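The structure is given below, and queries will be raised subsequently.
Going by the order they are written in, the chains are A, B and C; count residues from 1 in each one.
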Amino acid sequence: MSEEVQVTALAGESEETLRGYYAQMVLVRAFEQRAAEMYQRAKIGGYCHLNLGEEATVVGLMGALEARDYLFTTYREHGYALCRGMAPGPVMAELFGRSTGVSGGRGGSMHLFDSKLRFLGGYGIVGGQIPPATGAALALTYRGGPGPDAEAVMCLLGDGTTNIGSFHESLNLAGLWRLPIVYVIVNNGLGMGTPVEKAAAEPDLYKRGCSYRIPGERVDGDDVIAVRDAARAMLDRARTERQPGLLEAVSYRLRGHSVVDPARYRSKEETERLRDLDPVPAFRARLLDAGILDAESAQRVDEQAEKDVDDAVRFADQSPEPPVEELFDHAYATPVANMPQQLPGETWQS
Amino acid sequence: MPDVFMPRLSDTMTEGVISTWVKHEGDTVSRGDVLAEIETDKAVMELESYESGVLTRIIAPEGATVPIGQSIAVIGEESGTTPGPLAPTAEPAAAAAEPAAQPVAQPVAQPVAQPAAAAVVPAVPDARVRATPLVRRLAREHGIDLATVTGTGPNGRIVRADLEGFLDRPPGAPATSVVTPAAGDEEVPLNAIRRITAERLTQSAAVPHFHLTATVDAAPLLELRRQLNEQVFASDARCSLTDLLVRAVGLNLASHREVNASWGGDRVLRHGHVNVGIAVALDDGLIVPVLRDVDQKPVATIVAEARELTSRARAGRLTPEEFAGGTFTISNLGTFGIEHFTAVINPPEAAILAVGAARDEAVVLDGTVVVRPIMRLTMTSDHRVLDGAVSATFLQDLVGVLQQPLRLLA
Amino acid sequence: MAELSYRQALHDTLRDELLRDESVILLGEEIGVFEGSYKITAGLLTEFGPERVRDTPIAEEGFVGLATGAAMLGMRPVVEIMTINFSLLAIDQIVNHAAKMHAMFGGQVSVPMVIRTPGGGGQQLAATHSQNLEVWYAHVPGMKVVAPATPADARALLTAAIRDDDPVLVLENLALYNTKGEVPDREAVGEIGRAAVVRSGTDITVVAYSRATTVALGVAEQLAAQGISVEVVDLRSLRPLDRETVCASVRRTSRAVVLEDDWFSYGVGAEIAATIQEGAFDYLDAPVRRVAAAEVPLPYAKSLESAALPDAGDLARVVHEVLDATSFTR
């Protein structure tokens, strides 16, 4: 590495936990690379946003979240879905638009969902998830009082999202009503192609909660343990004190905004530098150095991840698309009279 | 040996141009190396390799335009032998390199509801008549010729109110009786036949018409009939006078096409076929089965068909096609001893022939009074289609045919 | 039966539902301490406390999205947006989130949320405070939109909306709040998706909803004295739309006029006219007419405001025009 980077010590962590984190990071890396390839093969349609380069943030945040907590994400969510516990097959199937997908093929890459895992989406509108996440936290206050076992909400958002109205209205409500929610800004330095400082009057994004008396903290997004610990601490305060928090995890996208973005706004040197900071090989090296992994077992983990992704692609490929007869299946939760159900060109007169 | 394929690099991309090959044939490549720069509809993008090995063959050169999914190069083993024709990629996930085919699931097409075919009147499109959809439907159902209706709506549009007198009272409106039943009166409700007949005759009353009467010396015709029934027809399948009249009228219409016509609203329709209807009296009312192409059929065929249609008409078993498509009608009240009458036109036909009984009368022939069986024919014509001279010529020629009846057998 | 104002009927319904189901909460600006800008929620904060009746900051996008999230976790929030004009600030949360979550996530979650909001102009509130935007929401799959015209329907439809598991927009109207009507004492759960023939007639069908229904009924009464029998169809539900009831009426009368408070072009009436020509084509004796607001940002001056908004006189005149076009005689 070309720079000395301070990382949280591994001492005190169980080896199993650390190996688990490595395996998750590798799975996310393998899955996302394969998703890119599948998109280029036109198996995945629409948009495809990847967590490449953010694996340490993804794994660290999911390591802090308890099973009883709720998660709202942006559209850059595949890694979170996997680390929250969705199997790679149904996630890939959703990307392929198959009926075995986690959202039944109805949502695609930006709208993953799993109610049992309390993964409440997956949102394509920038900032669209923030008010509902805040509302979910409000609902939690009706279920019971604060305490170490109380439920909390984690709401992910991007650096560009901190400029949109819904961010401010939501943080105001959370601060005003003291809701058990942690907002996590995944700051990869760019909102699509715009650097943070060209869009935010206050580019130290963790400070932006002060208007709402929401304490903020910045953490190194490439340090999986630091991310986990920071998020966990904020979630604890949210649970026990109903104190909302704002966490800024700084990491770097390895590639463009999405699969179709060539990232021309980055210089070659910048791109090279970012490659050196790649958290996955970095974490691997640390575990090898500390003797927690050896080369062979690391290799096995890598191969297992590739195999899991191969299986996922095969599962997705072999799954059927939802049939046209089911087009109106989720029109309403409560059926009512005269629900419109015509295909184009059909009349409503039966 | 895996193919390198033209990737889909944007949601709208269908083909790409190889801008530059960064790696060349024979180069070793590792997974993640940039192989080429691809120009898409939006930007120039780098193509990274998914495989490690040797770039053994470049298929698409710089500058080539390649559809997405098609091979552009091959990556082989280190040995570097150029492979033969492209092998399918060994990737387990490798589906066809085309974009995922969309299964075409055709929804069951909703059949377009067809309105029930109109019973009697052939549909005549009213091209320049303005009428509301309601009026058009009622006209279709009741066989009303909208050309005979005056519109009082905006721009002369025919509205429902204008159909009063052409229709039954609409349901729900009070039935205004013209007559008040007295004690001892029997009220006979209208059946379908009578109702439709009444409507059509009311419609017919609006047709401007004129009548022409001619007399026929029926002796040759009666003699022909006698001989035919004696020598040709069985006793239970006799030829009637009406059958011969149908044949005569048919031949005459074939040579007087202008009479084989109908009023079409804004034009006259001269028919290609000669279809003559014969009025049949039933207990329930009047019905007119139609004999088709009577100018083409010999007398024997006409006799058989007329018998068949008439008996089925009496049994109420005619199909709608059998009383549609008529171009001329004959009504014969001779069997009732009626010597002369005027029939009402069967719209939209241009004319109708009323036939009276053939009765012995004293007539003057070559200066002497003789007794001959005289039959009177009265033709009613729609003056919008036929002028006096046209109808008169037709009638004159018909008389000529009937008085030389062997012409019916030719 | 009791005679209640529309406002009272709404109030009583909210109260009954708050008592019946503890997952029901109210959210909105000034609904608590101030007792509601139109006093619909008067007394409810005192009775149920600030956890059940929550005053929100002026942040429509925030609190409508908040309600959406709470609904995802099983609560039944009833959000008051002070007027439909302000719904535009929250339209992304309504259209892109509340309306789509059930379908987009494969049926795994539902959003049992109600948005109550009045439309209407005529109080010289000027352009940005006088609009009728309900058709924007009626256009969106996943939404339900109801528009009660009477106190009885307000009670029945608001009850149905609260108990329904989908996002329902309940369109109220400033001019209706003070109107009175008979409301049954017993619980009434209305049927979303059904229209009603609120006055039978034979000569012409007038289709209306919300305030326009009351206007139509008044005009029908007037015209009855002139020997004209007007049938009034109250839509009650804009999404789903009960097309068959409308068409069945026109099949009986052969003439149709729509009275609507929204603007003429692309309004609710356009959908009704298309529906009638599809479902009652062979029964129409005249084109369908629409009486709607003039297409202009509503001016403040009374003379202009009155001219721009459709009223009883406009409806009566158009009814006569349609009858004349069909050469109608009494």
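The rule is short, and it goes like this: contacts are C-beta pairs under 8 Å (C-beta built on N, C-alpha and C of every residue); 3 or more make two chains touch, one makes a residue touch a chain.
Bear in mind that the values here come from a model prediction, so they are computed numbers and not experimental data.
> Which two chains have the greatest number of C-beta pairs in contact?
So the pair of chains linked by the most contacts is A-C.
> Looking at C-alpha means, what's the farthest chain from chain B?
If we average the C-alpha coordinates per chain, A ends up farthest from chain B.
> If I average the Cα coordinates per chain and compare with the overall Cα mean, which chain comes out closest?
Chain nearest the centroid of all protein C-alpha atoms: C.
> Take the average of all CA coordinates in chain A, do the same for chain B, and state the distance between these two points in whole angstrom.
Centre-to-centre distance between chain A and chain B: 66 Å.
> From the mean C-alpha coordinate of chain B to that of chain C, what's the distance rounded to whole Å?
Computed from C-alpha means, the inter-chain centre distance equals 48 Å.
> When the C-alpha atoms of chain A and chain C are each averaged to a single point, how far apart are the two points in Å?
40
> Two or more other chains in contact with one residue: find those residues in chain A.
347, 349, in rising order.
> Counting only residues that touch at least two other chains, what does the list for chain B look like?
Residues: none.
> Two or more other chains in contact with one residue: find those residues in chain C.
none
> In their complex, what parts of chain B are in touch with chain A?
5, 7-11, 42-46, 50, 68-69, 92-93, 95, 97-100, 103, 105, 107, 110, 113
> Using the touch rule from the top, collect the residues of chain B that touch chain C in their complex.
115, 132-137, 152-154, 157, 159-162, 172
> If we count contacts the way the header does, which residues on chain A are in touch with chain C in the complex?
For this pair, the touching residues of chain A are 70, 72, 101-107, 111, 113-115, 120-123, 125, 128, 130-140, 142, 165-166, 169-170, 172-173, 176, 329-334, 336-340, 347-349.
> Inside the complex, what are the residues of chain C that reach chain B?
202, 254, 281-286, 325-329
> Residues of chain C touching chain A in their complex?
Chain C reaches chain A through residues 23, 25, 51, 56-57, 59, 61-75, 77, 92-93, 96-97, 101-112, 141-142, 144, 164-166, 191-194, 237, 240-244, 275, 278-279.
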